[in-house]
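Given below, in the form of structure tokens, are the structures.
Common to both upcoming complexes is subunit A, partnered first by subunit B, then by subunit C.
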Partner chain A sequence: LSMTEIRAGFSAIKANIQSRDPIRSRSILSHPHSLHKVKSSDRCCITHHLFTFYVDKVFKHCRTEDSFVNRKISSIANSFLGARRRLGQCREQNNCVCGEESTEKFKQILANYEGLNVTSAAMKSLGELDILLDWMEKS
Partner chain B sequence: GELYCSLPNPRNVRFESINMKNVLHWSAPEGTGDGVLYKVKYAVYGVGKWIRKPECRNINRTWCDLSSETSDYEEQYYASVKAFLNGTCSDWMETTRFNPLTDTKIDPPMVSVSSTGKSISIILTAPEKWKRSPEEESVSLLQVYPGLQYKVSVLNKKTKKRWFFSISNNSLVVPWLEPGTTYCVSAQIHVTTPLLDSGFSKERCIATLKDK
Partner chain C sequence: GDALLPAPQSISILSTNMKHFLTWSPVIVQGATVRYSVEFQGEYERDYANGSWIPISECSLTTATVCDITPDISATVAYKLRVRAELGATRSRWGTMKGFFNRVTTSLTPPLLRVLADGHHLLVELADMGPAFQFRLLYWKKGQESRVQQKVMREVSSVVHLDTMEAGAEYCVKAQTHVEAIDRSSSFSPTQCVRAQGDTSVRL
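Let's look at the complex of A and B:
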């Protein structure tokens, strides 16, 4: 997973995507429960859940009228697809155990997502990609 | 209640951040001379409740330091400015979403050099994150950006030959140099992800000792 490529791709469209999300008072990933409060033992499982979430529920609902933005979204999505496949292999080898807390955490994220209409929720989630990347890169 | 606002809006409202000292800047509304006053508010993304900044209420300057309010770099923020003049006002003008971790600029590292007969030793110090007061515990940007690296340039003043080194730790010894020669060292901070590069530091020159 090339974080540098994903970061570069997202930086190029960040202002555009975030400007399509006028709702400041709600977040998918950071409130009411912050990703940054996840225990390290749960990181692998939450990361896998989130890759699946972005692949299945976010990228496909983020089509825009701007072909440049769409291309960047597609390349980020492809990176996520690859990463999810590799993390899936980890889960099969039982190296990525999902505890109760991480399952609960992910339910909260889904609840945040389902609290908005699909397009708004997907665009907001995409606009929060730097929150996910910041958390993943934290040591 | 708010007045009917017909004043032109403040322009180019944005955060300018260096080492996470996060200062809100804007330009005065077009065509307004002196006498314009401003007030500022900010919000944490995902919470959304606007919070007024009392120290930036009825100010005539066009900046407001929000470093304290935006010091948690695991959060993201918005800020907004409103202008007032002769009983009328402008709309609130907002920034884009500000992420202190990715949207800050980083100062160059501090460079100290010493020399022996045929080598020079370089020690690099990353800048510190902004802090509220000198008494507050210092946080090096090295702690904030675990992937932080240094790019070091060494120039032979006589031959004008230059080398570049990329290092992760903060010290470097450059061996096999010419005695009695001046070398100038400059360094830059490079963070791969998020992508952040500082400028190069001011050159520090030192001469290797002459042969006995």
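Let's look at the complex of A and C:
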């Protein structure tokens, strides 16, 4: 999965998005444990879960008054759809098994998300996209 | 109202080497300057954002009948595009391009390649085509077509050293592009051959 275009789109709006997140003390993706603690066997499943999370829950609550930001969010969202489709092919070939750890980790991320009001949670999740991209590219 | 100004027609996309342009026929109103606005809708907007449309600011109230949509077509999914005409406060209905556009259908042309012999050195120059492009070069010594060598390049620097040639021998090169984002390659460029400096008869 090439994250190049997603990262380019995110870099263009990162400062803008992160400036809209007033709650610095909390994290959606990294609390209580970093993504880096996820076992390699669970990586594909967590990645697919997270793509679905962003597509279903995050992007739609991130619309702004800034046309440039909205266009970049659209670019990222559509790239996520393309990437999730390719990951879906892995799932069909049973190469994307969901272990207990990934299920727990994803439940924690959802709990973190639902612990905030939806717009703050969505904006914070979008602002943490580089955490996801770094983790995906590190392996 | 809107009915006075017809919607733009003949809306289509010209897409070559991952550069995508929307074009349409002008709406003619005698003695007046008609302007146009363009919007796009990706698969995400259709399926997850209530079919919303996103304006392209660079092509809002433009007098041109072409719009560079490349920055917004940045995912390999199906997009829809629409244009409307505007004259003062009057706006036409939206003219929507028939069908969808997916960048996977872009036409890929062979790279512009120049092959040079600098003494015994086989060099090539490639025209830069943007970050989406990789280049695959095949090169061989003439007469040894079965021993083709390959070099894949992600970034293009001005001149690339391919090989050190045997004195007086002739070497041939051809190249194609590859776009990872759509997993497609162009056809090969025409083969170009150059001869290394020196006399082939000098053999011990």
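Following the convention adopted for this analysis, the second predicted complex is superposed on the first by the 137 of 139 C-alpha atoms of A that agree within 3 Å, B and C clash if a C-alpha of one lies under 4 Å from a C-alpha of the other, contacts with A are read in each partner's own complex, and residues count from 1 in each chain.
By definition in this document, a contact is a pair of C-beta atoms (placed from the backbone, for glycine too) under 8 Å apart; a residue touches a chain by one contact, two chains touch by 3 or more.
These numbers come from a predicted model, not from an experiment.
In the superposition on chain A, A:D134 contacts subunit B only, with no contact to subunit C. When both complexes are overlaid on chain A, the residue A:T4 reaches subunit B and subunit C alike. Subunit A is touched at more residues by one of its partners, and among subunit B and subunit C that partner is B.
Residues 4 of subunit A lie at the contact with subunit B in one complex and at the contact with subunit C in the other. Considering their complex, residues 40, 42-45, 47-49, 54-57, 71-72, 74-77, 79, 131, 180-181 of subunit C touch subunit A. The touching residues of subunit A, when paired with subunit C in their complex, are 2, 4-5, 9, 55-56, 59-60, 67-68, 70-71, 74-75, 77-82. Put simply, subunit B touches subunit A in their complex at residues 43, 45-49, 74-76, 78, 96-97, 99, 101-102, 146-147, 192-195.
If you check the complex, the residues on subunit A that touch subunit B are 3-4, 7-8, 11, 15, 18-19, 23-27, 30-31, 34, 36, 127, 130-131, 133-134, 137-139.
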